[in-house]
Structures are given as C-alpha cells and as structure tokens.
Amino acid sequence: MIHFHCDYQEGCAPEILARLQATNMEQTIGYGQDPYSQEAKALIAKLCGIDTEQGERLWREKDTAGSVHLLVGGTQTNTLVINALLRPHQGVIAADSGHINVHETGAIEHCGHKVMAQATSDGKLTAAQVQDVILSHLYDPNIEHMVQPGMVYISFPTETGMLYTKQELTALSAICRQYELPLYIDGARLGYGLMAPAADITLRELAALADVMYIGGTKQGALFGEALVVCNPKYRKDLRYLIKQSGGMLAKGRLIGIQFLTLMQNDLYWQLAAKADRQALSIRQALLDKGYRMASESPTNQQFVIIADDKLNELKTRYLFDYCERVDEAHSMVRICTSWATRDEDVNQLIHDL
Amino acid sequence: MIHFHCDYQEGCAPEILARLQATNMEQTIGYGQDPYSQEAKALIAKLCGIDTEQGERLWREKDTAGSVHLLVGGTQTNTLVINALLRPHQGVIAADSGHINVHETGAIEHCGHKVMAQATSDGKLTAAQVQDVILSHLYDPNIEHMVQPGMVYISFPTETGMLYTKQELTALSAICRQYELPLYIDGARLGYGLMAPAADITLRELAALADVMYIGGTKQGALFGEALVVCNPKYRKDLRYLIKQSGGMLAKGRLIGIQFLTLMQNDLYWQLAAKADRQALSIRQALLDKGYRMASESPTNQQFVIIADDKLNELKTRYLFDYCERVDEAHSMVRICTSWATRDEDVNQLIHDL
Amino acid sequence: MIHFHCDYQEGCAPEILARLQATNMEQTIGYGQDPYSQEAKALIAKLCGIDTEQGERLWREKDTAGSVHLLVGGTQTNTLVINALLRPHQGVIAADSGHINVHETGAIEHCGHKVMAQATSDGKLTAAQVQDVILSHLYDPNIEHMVQPGMVYISFPTETGMLYTKQELTALSAICRQYELPLYIDGARLGYGLMAPAADITLRELAALADVMYIGGTKQGALFGEALVVCNPKYRKDLRYLIKQSGGMLAKGRLIGIQFLTLMQNDLYWQLAAKADRQALSIRQALLDKGYRMASESPTNQQFVIIADDKLNELKTRYLFDYCERVDEAHSMVRICTSWATRDEDVNQLIHDL
Amino acid sequence: MIHFHCDYQEGCAPEILARLQATNMEQTIGYGQDPYSQEAKALIAKLCGIDTEQGERLWREKDTAGSVHLLVGGTQTNTLVINALLRPHQGVIAADSGHINVHETGAIEHCGHKVMAQATSDGKLTAAQVQDVILSHLYDPNIEHMVQPGMVYISFPTETGMLYTKQELTALSAICRQYELPLYIDGARLGYGLMAPAADITLRELAALADVMYIGGTKQGALFGEALVVCNPKYRKDLRYLIKQSGGMLAKGRLIGIQFLTLMQNDLYWQLAAKADRQALSIRQALLDKGYRMASESPTNQQFVIIADDKLNELKTRYLFDYCERVDEAHSMVRICTSWATRDEDVNQLIHDL
C-alpha cells in the first residue's frame, strides 16, 4: 500500500535522525535553553529578518521572552498564541474552514475565546472582510454585549492548499495595523507554500507583514515541532510562562532545537518542500491531462480531485488517499498529498495508474 | 419621550414593590433558603408539572440541587446551564442569531465551550438541523478532532419574537432524546410567548419536552430575576455549587423569591404578558393597515418593521424605538417593543402617529 | 427569634425602598447608562477623590470604561476584577483566610487563576509577606515554572472584622507600586470598617492607596449591589465588556444606581455603619465585662466570642448566631453580627441575657 | 563538566534511537492509531494487569477511549487528567509540595480547578489528611460556598524522592473509594520508585490501587513521552477528545509508541531505573560515610544533601548539581540526581571527590 494520505505518515528527514544520534549522550540543560535550541532560534530569527535577541526575563512590563520559540505541535501553538494575545472578551477572526475553527476540538474556546468564523471560498480571508467585522462591531450600539475582534488568524497555505498573494497579505496586514489587531499566520505547511512556483512572497516579506507566525516542522520533515516566530516585539511578553503553563515546554527542548537547526541549515527545509510541491504539481497535471475535475486550484502539496467511485475503488487496492466527501451518487472528493518523504517512483506509478 | 425601546425600561409590577415593602424588616436566612424562595420554587415546579422536591445535599453522585433555582440575570443563567451540562470538549448547538451566540460578549466561550451556530430563518432551529450536526459529527473519520455536540439551545420566543409550534418542539425534543442531548429553552420572554394567541403549547407541555429551561422575570415585570427549571432530574446535580461559583447566589435570595411568588400567584405573570402581546398585535395590525412592511412574522411583544427614514425621524421626536439596521438608502428596520408596563394610551397615541 | 447571624438578613434601608417606589414607572435606558447610575457613579468618584469622568468607548488601547461600576454581588465583583487584571500565568496574593480563597467555591480558579494564599493572623497580609512572595519568585531559577504574582487582594475589614492601620496600608501600597502589582481592596463591609472608632484612615485616603476597591452595598443597607471603584486609570480598560461577559451587567442597572445614590447622599451609608459598629462594641464590652473570652480583637460589626455550650444552648432558644467552630469539649466559637438593621432593643436584650 | 543536575539532560536509550532509525520510512496512520502505539498500549495494559481493550468510539455515555494513552509531557498529562475527572466546582487534594501545586505555572488553575494543598513532610499525603479534607467539607454549613474535593493527586516517588509504602497506598486508596474520589498517581519517575530496593509494591499492585496513573518516559530513558494508564474504566470516557483539545495528540503518534514499546519489551525500562537507583544509593552511602547531612531519606535516584559552601564551590568546577536552597550562612542544599544515562565512572569520580 502506497500512502498519499497526508504529510505526517513517516518519521523524519534522515539528516535529523543522524544528528540526534550524534548528539544523543551529550549533557545539556533543559527546557529549550541548551545551545542547539539557542542556535536554531537565532538562525530562524535571522532568516525571518527579525532581531535575534533572545529576550530578557525582567519583571512584568519589561519581561520579554525572545523572538522565536520551539513548540511541539500545531494545536498547542495556535492555542498558546491566541491565549497570549487576547483579552478575555476578545475573539479571533478566521475563515470558517480554518483549522482552529474545525479541527482542534474547540481548543480555542476551551481557553476562553470565540472563533469569529467568516465564510470564504478556498479558506482565504480578505482585508475587506476583516474591516467589515471590525466596523460592524465598532458602530454597534450594543458594542459591549458582543465579542470584540482581537486578532486575525490566517493559514498559509490554507486548509485546501491555496496561497495568498503578496498583495492580499499586504492588504490584510495594513487593515490589521490600522485597527491595532495582531495578524497571526499558521504556517503548518509554510514551506510547501513558500516553495510553490505560484508563490510571490518570501519568508522575510511574510515576517514583515505578520505580527506572529509559525514555521511548521511536523508536516515538513521533522519528527515533530513548530517554530513560533514573534515578529512584533510587542507580543513577546510572558511567552515562556505561557508555554510552560500550556504543557508546551519540552524538558529535552534540544530535541526540537536539533531538528530545526538541521532543517534550516543548508536549506534542507526548503528543498524538501520544493520537491513535494513538484511531485504534487506533476500529479495535478496528470489528473488534468486525463480529464479529472479538480476541486481546488491548489498550487501546493495537497491536491483535491473529484473521482468516480469505480476508479477510486480500483485505486484503493494500491493507494491510500484521504477521503474528503461524497460529491454525487457516483463521485467522491479525495485529497492526494505529497510530502518531504514522497518517492518519485511512487508518484510515477500513481500517474500511470490514474 | 415615550419608550417602545425594550421591555426592561421601568422598575417592576407594583404588587412586587408592595410585597418587598411589607416584608422588608423580616429576618430570614440567606442564599435562597428562606421561606419565600422555597415557596416560590415549589409553586413554579407545580405549575411546570415537575416534582417539587427541593433536592438533597448528599455526597457527590447522589447530590441533587432541587428542580428550581432563582437567579439574577439571563446571561448568568445561560452560562451556568451550559457550564453545568457540557463536558470540556462539547459545544452547544444554537441558531446563529441566538442570544448566546451574539449578545453575551462570548460568555459561553469564556466558560470553555463552542457555540455551534446554525443558519436559520427567524432564529428557529429545526430537528433536521440538529440531526445533521449530530450525524455529520458521528460519521466523521476525524471525530475526535472536532467539537462534540453536547446540548441544544433554543429560545422561546426567538430573538425576533417567533414561536415554535408544539409539533416543532416535539420533534426537537425527540431528536435530542434519541441522541441523549439535553434540550435547553431560554425563556427570557417566555410569558410573552406562551400568552400569544398564536401559541399552541402550555407551560406544562413545554416543561415535559425540555430538559432545562428558564422563566424570565427581568423582561416580564420583575426588578430582576430568572427562574431556572431543571425538568430532567439527571441535570440537577451540583447546581448550588455552580451557582455560587458563578456569582449567581444572591445573599438576600429572598428578593427573587418574593418577586416570583408575587408574579406566579394569581396569574399576575401571565396577565401582564397577555396584555403586552395584545398591545403589540394592535400596533402590528395598525402598521399593516397603513401599508408598512413587517420584517418578521412575530406574534409576540416585539414587532420588527421597515420604515422610511423621513417617517422615522418624525416619530423619533416623540418615541424611542430600538434601531436594528439600515435596509436601503431610504429605509431602516426598527423594533417596537411593548411590555408588562406599556400603557394603552401610549399605544393608541403611537397608532395614531404612525 | 432575634437574628445576630449576619448582616444580610433583612431587606434594605427604608429610604431605598421609598426611592424605588417613587421612580418605579419612569422609563430609562438599560445596562447602567441611566441618569441615576450616572449620578451615583459620579458621586462615588467624588467621595473617593478620583476623577469622575465616565470613560470613553474608544477602540482597543484607548478604550476606558470609567472609574466606577455598579455590580450585583461580591463574588462576582472579585472574580471580575481578578479576571480583568491578571494575565493567564499570574496569580493573586491573598491571606489564606481571604474570601476569595475560602468562600467563593473556587470562582477565582474557575476563571483561571491561582490564589497564592499566605498564612496570617486575623487575615491581615503584611507588606513584608508580599515582598517575600515577589522576591522568592523573582530569584527562582525555575521562574517560568511557577505562577507569577500578579496582584494583591486584601479585605478591609478582614473576614474576622480586623482593620489595617493607615501605616500598614501605606506600606502595602508602596510595595505593590514598587513591583507594579495592583492592590485590590475588597470592601464588602467597608462602611463598618471606616466608621469604626479604631479606624485611622478615610475613604479618600484608602482610594489613594488602592488601585481598585469596592464599596459594599449588600451587607450595608442595600437590597444588593457593590460599587467598584477603579482608582488607578490604568485598570479601567475593557471593564464594560468584562462586566457583560461575567453576567454582571444588570438590564435594569438603575436599580443599583438608585440604591447607591440614596446611600451616599446625606451620608446615610456611613450613619448606618456607625450605628452597627456602636452596637457591636457595646455587645463586646458587655461580653468582656461578663468574663467571656473574645476570639478576635475585631473593632467592627462582627464579634467573635468563645462561649460555653450550656450557655450557648440557652441563648439559642432566643437568638440566632453564626456557629463558627468547636473550641474544646465544652466551648464553641460563634460570631455575633450587628448590621445597619439591628435594633437597639434587641442589642439591649442580648446584653441582658448574656 | 559532569551533570548530576537532573534526569533529562541526555537524549534517550540507544535502543530507542535504533528503532526509530529502523522504522523511519515506514508509512503509518497518525494520531496514535498506528500498530506500534497499539502494541505499546496493549503491552502496558498487560503489565499493569488491566484489560487491554482499546475502547470503542460510541456515542456519549457509551464512549470509551481505551485504558492506555501515550502523551508528550508531564504537565500536559496532569492537566489533562484533572480536567477530565473534575466537575467545574471541584478541586484536587495534593501535597503542598506537589508538582501540580508548585511547578506547572498554574496549569491546573488555568483549566479551572483549585489545588487543595495540604502541608506534609516529604510530600506524602496521608489517608487521614484526605479524610479530614472530605469531612470538614461535608459537615460545613456553607458547603456550597467552598470548593468540593473531587480527586486526590499523589506522586510516586514524591518530589523529594520518597516512596509510599503499600500499606500507605492501600489506606489512601480505601479512603478514596469510600468517598468516591478518584486516586491519581503521577509517576514521572515511577521506574526509579518501583525499582528502589526500599519499594514494597509492584506495578500491578499500584495499578490495582490507583484509578488513573502515568508511567513516566521523559525522565526514564525516552526522548519524551508519558504513558497514561486509566485503571478504572469509569474514567476512560471522552479521553481522545480531551487529548486532542489539549494539544497532546501527536500527529506522528507512533514516535511515543515506538519508544514505550522499546522500553517495556525485555524490561529495559526497569533495568535502566534500577541502575540509576543503585548509583544514587552508592552516592548516598558515600555522603553518609563522609559525614554529610542528608536533607531527605530518599531511597531513589534523587539525593538531597546539605553541603558547606566552600566544598560546593570546589565541586562546582567539575560537577553540575541542582541548587535547591540556602540552609544557613555557610551551607546550602543541593540535589544530586542520577538517571538511566549516568555512567559508573562519573559516579565513582564524584564519590572520590566528595
């Protein structure tokens, strides 16, 4: 059985395992203050073009927790950021298909905040939508009876693999800054997004538009781990406390440090992502050539296709896809997903069998 | 200025003030365990046709807090009930126009739960919608990644004054029982609902279909206060603790006891509601006669009408309405609201001036 | 049966009921924005010597909710303030006998915060204790693994009726300001405290030392209601939203406005408190004269006495006290409580029967 | 520099890395439903003598999530369990030195619950203490104004390395069952506890006395990971949902499965722990022989010793210890900690240098 089911079905890039092996019996202090984590964080800050200073633990208003933090998983990272940035009466504006609205078992609400879900096509929130939410709140006579919009959450790419253009992101960032709402970018698949041929924005440009974002490791070649980047110094306060409180401060923090250091050195992270995108786009082209109907314009590693049930049953004897939904009596939509680990021979075989 | 703005712009039914006066210097124990509160709770239970037993404070699983509780306000009551009935990963199914989704500043999310908002016309949730939410959850392969539907919230009447029929409520109750979800009815304006000529259900029938409901006092002639009725004994556990924790256990609990006792004795509550409904329906008839376009089919004390801005500006010199929204360049929607306190002469004057 | 059980066993000062009667059918807007509430809030601010400006509802950082807010009850007020002032990883330093630590069913923890309880005699926290908590946190190598002290809670008077001196309060305030922790004073019985002959501080002086405090109504002659005073403008942000979210925004907000206006005009509040203190001190003197052992040095309306069980059983046929705890095989501790409503003839009778 | 600072300063047992390497490119489904996780969970259940059935995902009351779950870290596991087991008004009884009370940045309070901290010597809670808390709650007239005890938390070994005897645990379990409170055992260092020569209880006996417990991986040879064992089927409900909500459901769940499978097969886990205990006890004996004063009677891998500052400064040039506290002007208390990774030559060198 060949898996095109998701991008987290194998272990990790072999370079990472080799480095874990090489460093295994070294003794370092815990909780992310080891040299590997420090080096990884400094490197990520540098790649993002933000200051690399790692924060000072001063008392209260002057406390700052550094610009990069290494966390275990995506739901944890999203909850942490939203919990850190919002006051109790505030909510987070998001696409209704957003991961925080659909697939985190209510983690955001559990930490006290409403997801102010907006209808979108392909999961992309527009600057105009954000402004509408803000203005309709601001001008409501019952303003205090309603959740105050407190931040904006987007994912790049979206849940269906779509990308925002630089222009769209610039507009979103501008409206957020105008109304003092932080813009948070969920980059669980950031590499697949930025390396897509269709992408017109760089990591550094993204970091300049976002207030907070994370660079996903779990789906992009790490065993696990996400790198939280707090681009706007205003939001760095208290983060080490909140990470510990949320259960996100790994005792052997160096494990994530070593992984991100390995991924970010020599561009490994970007190369793995670019390869997966190429594979996905060659599958996409083959599907189009053979007359399949695509369910999304995704230019990244996730391809959504509508497929006849007969054909699907035939393919299922050999391939594992992610079943999305029934389209009509005779057709279904499935997701075909490549990853850092997908082998070219499996891609070629699939293209042959389609 | 004559107010048709809402149903909480005066003090209370004079009978209540008289009784507060008569009992003012009596000494009673606090926190709702005084004789007035006990009598009011027993009377309400009897009117609802549920057992009047007041609960026993036994240890843990055997603890039961009685079938009726007297609380201060609606947001507090809704939050308490939802907090008491849901497990941390569960959400409450509600109409997207529901009070808990729109006008409680995220109180439900603040206590940890998602409002699973459903699009409706006129704020009425259907049994089919509830079943869809449940089934789409049950058959999702990622079931644990999503909020589990844990209860159903409806209001009677809805935010726009609409009523569920007995048939609709029976179907909702049946689907809730089939899937073991409690059905909770927000009755902030329950009297105006049940006394409307169009209503085809009684208090006792409602209590037999609901698991939990509340009978609103604040908008129906009390200074403040809501009577929570826990129809299904399964949900009575722990409530006294949770009421205290939520800040809802009034030290001088007898104040709400005396108010509900006064309202429920001699049918005062129902007479006041019936009068307000009659007034609202006469205004409605006048509006229709004069060619106004109504924005809702409401048969209760809230009437929503579309009105030309010129006419509205003229009326605003004399009357206070609740401005709802702009309809087009020259028209607005307003709410005209009668109450237990509305005077017939004001209604007649308004009808004349329309 | 004559009650000396607590200070919330009657209704309210007759002047309040008269004013509720006189204004009953007036139409005003809701949620505390009526003229009575505005006037009451301005008067309280003036008495406290803080600015009377009622806040502006500007967007986000510039929003300010005014310096005085009228809430329903004490647990609600404490939870609101602590929820408003703390970040998620912060706790509130309090005496271990503090109301928030013992008698609010975990309301503070329910809203997410640890009560950092300190052992005290008579419930009085010292500046040195507060400094110890702060310094032991600041110099701990595992600082982020521990709850950060975020504010200080004291009550004036304490749960056992004790008063802080002006010197003690000045020291507490100074340490709080040095470390930027807000000082919050629970004044559920503030009047009984300030009017005690032993008190050496005024309302205005208290307001200058506190960052936030509340002036209790429920136990001091109101039907219900507490006046929250936000002395330090820094903490006024967002409060209207948070009050609504907590279920604390009474629809007919004027009810509390009218009560506080009545209490604060013509010094009624202070006169009622002074009378209760006088009565309590005359009972105390009688107890001492008759050789009873007092369990607290309380100079306010609550007196704690150790009493032989035989004598207690005799008194219980005529009087209701609050039973505190068993002292030894033959003695118990009880609280004898006077209030705004206690009658001199009942005090005299009790003194006679002791 | 030789570290005796803690038991999480290296990577993991080489057998684990080898197995991660060997399985790295295998494709498995995510979220802990892969064959390695299933096998590890079944093996752990078997070792604990509880049923190995993995739960059924049925609707609501009938849902059960299996008896073993694999989580990432200790704070996360403790918060999850307490969140799952308590109702909103309940607290957890714990020693005041308990990890949840001191070193989790208020994670328990953040999820809404009070830690009902009890003073102890060496962190051991007694059955009598638990009964006192329960009875003083049960017989309080203000029962609903106070946090209800809802479960008991202990750690085995305690924070200072102490062990409960079988008799003590049997008594604790009996009192918990009498009052229907679940008993939860934090086993972050369970192996070091059970393998200590002084231990008189087995894993299987522990599992029979506990309702829920966890077997620590992070501090006992895994890269990370804790195995939650829900001994009492009553508490298995909803756990998969709650794990996902808490951010604890690792996408590549097999990573923890492979680690625990490796540790639990061939007794590797127990052998590593036994070795560390032996090393710690030989250091302890050397300390006693050389006249040092021990600060705890710990028979496990953590040794707490009082040491002259001069000597400490000398040792600090070569060794890293955990500094605990200043004892007097010339002495300090430090923790010397061995682990699965400690080398005999380092132990011998230390003994020589003491």
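So that you can tell them apart, the chains are marked A, B, C and D in the order they are listed, and the count of residues begins at 1 in each.
Simple rule for what comes next: contacts are C-beta pairs under 8 Å (C-beta built on N, C-alpha and C of every residue); 3 or more make two chains touch, one makes a residue touch a chain.
Quantities reported herein were computed from a predicted structural model and do not represent experimental measurements.
Novice: Counting C-beta pairs in contact, which comes out ahead: A-D or A-B?
Specialist: Greater number of contacting C-beta pairs: A-D.
Novice: Report the chain whose mean Cα position is at the greatest distance from that of subunit A.
Specialist: C
Novice: Could you state the distance in Å from the CA-based centre of subunit A to that of subunit C?
Specialist: Roughly 48 Å, centre to centre.
Novice: Which integer distance in Å separates the CA centroid of subunit A from that of subunit B?
Specialist: Taking the mean C-alpha position of each chain, the two centres sit 42 Å apart.
Novice: Between subunit A and subunit D, what distance separates the C-alpha centroids? Give it in angstrom.
Specialist: Each chain's C-alpha centroid was found; their separation is 33 Å.
Novice: Listing for subunit C: what residues touch at least two other chains?
Specialist: 88-89, 104-106, 110, 112, 144-145, 148, 241-242, 244-245, 249, in rising order.
Novice: Once bound in the complex, which stretches of subunit A touch subunit C?
Specialist: 31, 57, 59-61, 83-84, 87-89, 112, 138, 143-145, 148, 179-181, 238, 240-245, 249
Novice: Touching residues of subunit C toward subunit D in the complex: what are they?
Specialist: By the definition above, subunit C touches subunit D via 88-91, 102-106, 109-115, 141-142, 144-148, 323.
Novice: Which subunit C residues qualify as touching subunit B in the complex?
Specialist: Listed in rising order, the residues of subunit C that touch subunit B are 1-3, 5-6, 8-12, 14, 17, 20-21, 23-30, 72-77, 79, 104-107, 110, 218-219, 223-224, 241-242, 244-252, 255, 320, 341.
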